[in-house]
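Both of the next two complexes hold subunit A, though its partner changes from subunit B to subunit C.
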Partner chain A sequence: MSARYSLLTYIAVAVGLGAIALAGNAFLIQAAIGVAISAILALSWDILSRTGQVSLGQSAFFGIGAYGSGLLTPQFGVVLGWVAGILLCAVAAILIGLVTLRLRRLYFTIATLSFGLSMQVLILVTPGITGGSTGIMPPVLMGGSPPAQLLLITGFLVVAAIVSDIFLSDRFRPAFFMIRSNPALAASSGVPVVATKIMAFAVSGMVAGVAGACYGGLYGYVIPEDVFTPNWSILPLAVSILGGMDTTLGPILGALVLRFLEEIARHYVGGVGYQVVYGAVIILFIVILPRGLVGGLRQLLRKLARRDAVPARSRSEAKA
Partner chain B sequence: MTLASVAQAVLLSLTVAGLYAAIAAGLTLTVGVTRIINFAHGEFVMLGAFLTYFLFNQHGVSPWIGMVVSGVVIGLFSALVYRVFLARVLKHDEHNQLLATLGLSILLVNIAIILWSPDPRVMQAPQLLPALQLGGVTVPGNNLVVAGVGGLLFLALQYIMRHTRYGTQMRFASDDAELAMHCGINVDRIFELSFVIGGVAAGVAGGLVALILYVHPVVGLDLVIRAFAIITLGGLGNIPGALIGAAILALAEGLTSTFVPHGGSFGYGIAFLLLLLVLVIWPNGLFGKQAHS
Partner chain C sequence: MTDLCVSGCTVAFGGLKAINDLTLTIPSGAITGLIGPNGSGKSTFCNMVSGQIPPSGGRVRLGEKDITGWRSDQAVAAGLARTYQVPRVPKELTIGEVIGVPFRYARSSRELPRQMSTTADLARFCGLAPALDTACADLSISDLRRLEIARALACKPRVLLLDEAMAGLSLEDTAQVIELVREVHAAGITIVVIEHVMRIIATLCQHAVVLNNGRLLSQGTPEVVLRDPAVREAYLGKGFGP
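So, the complex of A and B:
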């Protein structure tokens, strides 16, 4: 994707979500906040997956972001508190990345399931520092004004998109994808495999931490079951794959579509079982569009381009 | 902490290990052969538990028979799932397969919630065996059933893998699917077979769940997450490894919930602290093959 497309994506995100914030429909604003937080989290997952590390542990960094920023903001103020909270995510990600560095594929994925759940135990056994099972009350973002919250989170989403594009640029892309497809070859070609994987982990952890910090600041109330639940690990995987992996647009588009369908299901199916639609959508998408929305769109565009190209060629052949 | 209370905790934990082993052995067989992280395995267990529960509570069918029926029904159901759905994603990347089984798991859990409500139920089955009295220690009869049936199921799976033609073919397909195909083995059929065997084991294990745990829609999710920790501890695809992993986890959980304050609320956190510790030292699990997947 060229820089022009990237810029278009940022503008579309900023204008779209910004318009919703200014229009002031309370329901739309809440829905848009949900989409933006899901998209940030999904981008964090996608960045990590580009090095072949398919994680089911993003909820750990989501939760550390929420807890870190929530606990540190009263000490250091909003800006420094958030910076410290996000750096905490980076430190945790580097430590965890070192632990799982040697694990291959399925072993890695299963081990990552443990991150969020282990963090939950850690919170439960340290009630003195973290409030234990009763949770914490982080300061509410932007004085609790939903439109202002949405604008701020939109800003973070654009930053996350830029970070994602940096790691898709020629500077990083070849190394990342080579590590994924053949780590041994990458190492022998001079790619610093360990450093790159750890860096991807740290960046991914920080981006997920931003999503968690935003979430924690929405209502000013965070409990461990809420932020460390495996749902926050499954969501980014579903959003990125359904939207289209290895792109910036994919996770954003995936968050929009999945959250939209979820709201519709909540409205029409209601009750506790509305997530039946979530499961059904995942199953349908994975069978029909295995490369996600972006992959499907690309295929469609290619097909259209070919259809246009065929008559042109036959005309030139006729002339010859 | 008296000797009797330790002995009681250890014995009860070992019976729970029978349940864990039954679930994990089926899962590790499927994962080992097909290399698909099958999250829906837990929902197969959950459906088996509900089937055994309803057969007993509404039709008075003995849980002994309920277990067998649920093994057969869930086996057939897993064949259906494989043919209609999983066979279509087998050729895709592994993260797609992972998401596919996660989607299936979410779908089945929520269908169960809509049909049967999220409330936990108790089967209130009679004790199928007399309780075991050993000094000051009592093990309820149904816990003995769980340990016994879990152990038998484990032996059966081990026998199938080691001493039958299909077992040999499954191990071959697991080592190198392409080579197996060139040797004339119908790999797709073997994958399906391994999936169905896993399904049968999950169904029977569901019957065991109904005997000693609450039956509710997310019971399978709780158990499959533990089972993943267990099969990774033991090395993916390694059935005896799953048995040892199950025993280690059940003991760790039983002892913490009995002797650590608030230990019961750690849930499967214990499973994963244990798993991380093991993987740091042995990246392929305790008995895993080197450089495989």
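So, the complex of A and C:
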């Protein structure tokens, strides 16, 4: 994707979410905060998936981000506390990566899943440090003003989008895709495969940690079940697949559409049944658009371009 | 002078020794043909020296460097590049992107001659007709083989291993790839050709090495080696010698 499209994406995100923050509708602001946090988390998952590693443990980084920033902010202040909390995610990713990224795909996925599940247990058995099951009370972001929180989180989303685009640049994209489809070929092309995978995992962990830190600062109260739930591992996967993998726009668009579908299903079906309808709609989307919304849009644009191009050629041929 | 030298190397898969206490040297600046019947250890040799399978014993040397047990990317940095028999390049990448990967990542200290110094130059040098932004999914087998050679050359190697680079090509394409290998050699790169077709070995190589059951069976000029009764016996069985 060219730099112009990337810039357009950042502007669309900033203007769209910024407008919602300024318009002041409380429901829309809460929905937009949810969309932005899902989008950041989905971008974190997508960055890693470009190296062929499917993570089912993003909830661990989400939780470490929330807990790390929440526990360290009172000690070091907001900026250093967040930086330290997010660096903690990178350290966790590097340690886990050193052990698991030599494993083949499925084993890595299972390892991340168990990492995600074990983090919650770790919190529960260390009440002295982490508050255990009663949770913690992180400082509330932006004095608890939802519009200001949305603006801040929008800023983080733009940063996450820039990070994602850096990993889609010529420097990284071909090497990542080569690692994904043929690691031996990548190594024979000079790419340090395991180190590159660990680096991608660390960056992915940090971006997921930012999403978690944002979430933890929303209400000033976090319990382990809130942030370490497997939902935070499944959501980024569903969002990225729905929106379109290997893109920056896909996870953002996916987060928006998923939330939209969820609200519509809740409105028309209600109760618990809405989740079934919502799940069915996601499956339908994936069946119809296997390359996600962005892939479908690209295909449509290509088709339109071809339809425009063909008559133009036949016209010029007729003239000749 | 030798560029690539293995001594006392063994690679075992369970009870099978694919490479069995092998010692051989690849002369510097030559095109060496590596031949042998199916299962003789040619591909394992390739995987072993290029860092994919570490030998369980012995040493692998590239020039003055001992590269035994080095990873593939480290072997590339030391100056050893290889092509793959079945080129499985990511379909979503373009020709330019594939050649660009080693240009960005390979840490070889060598420089390529001017006619190979950029992605576009290399593609032209290797006779890749499609544009650089052509997706690999749209390439013919002949272009995939040329792309594989271009990708390996972008590693800036001193030694290039070609693993059956001509298999499955038409006679015309084979002749062109042979010409390409000669040009690469003329640029000062030592070449090892793994090949099944004896005619290619006879016309292309100055030196030939024959493996059988993971051991060195014979070596010398192609004429001498191809007349060696032991080689004929390994290929055809007893009773077919002259």
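Quick note on the criterion: the second predicted complex is superposed on the first by the 317 of 320 C-alpha atoms of A that agree within 3 Å, B and C clash if a C-alpha of one lies under 4 Å from a C-alpha of the other, contacts with A are read in each partner's own complex, and residues count from 1 in each chain.
Here is the rule we use: a residue touches a chain if its C-beta (ideal position, glycine included) is under 8 Å from a C-beta of that chain, and two chains touch if they have at least 3 such contacts.
Computed from a prediction, not measured in an experiment: that's the story for all the values here.
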Classify the contacts of A:Met178 with the two partner chains as first (subunit B alone), second (subunit C alone), both, or neither.
second
Report for A:Tyr107: first if it touches subunit B alone, second if subunit C alone, otherwise both or neither.
first
Mind working out whether A:Asp170 is in touch with subunit B, subunit C, both or neither, as first, second, both or neither?
second
May I ask you to name which of subunit B and subunit C touches more residues of subunit A?
B
Under the stated touch criterion, which partner chain does A:Ser118 make contact with: subunit B (first), subunit C (second), both, or neither?
first
Once chain A of both complexes is superposed, is A:Ala19 in touch with subunit B (first), subunit C (second), both, or neither?
neither
With both complexes overlaid on chain A, does A:Val99 touch subunit B (first), subunit C (second), both or neither?
first
Just subunit B (first), just subunit C (second), both, or neither: which does A:Gly190 touch?
second
Subunit A residues within the subunit C interface of the complex:
170-171, 173-175, 177-178, 180-182, 184-193, 246
Once bound in the complex, which stretches of subunit C touch subunit A?
50-52, 71-73, 76-77, 81-82, 84, 88-93, 97-98, 100-102, 104-108, 151-152, 154-155
Could you please specify the touching residues of subunit A with respect to subunit B in the complex?
49, 54, 56, 99-100, 102-107, 109-111, 113-114, 117-118, 120-121, 124-125, 133, 230, 234, 237-238, 241-242, 245, 271-276, 278-283, 286-287, 290
Going by the contact rule set out above, which residues of subunit B touch subunit A in the complex?
31, 35, 37, 85, 88-89, 92, 94-96, 98-100, 102-111, 113-114, 118, 225, 228-229, 232, 236, 262, 265-273, 275-276, 279-280, 283-285, 288, 291, 293
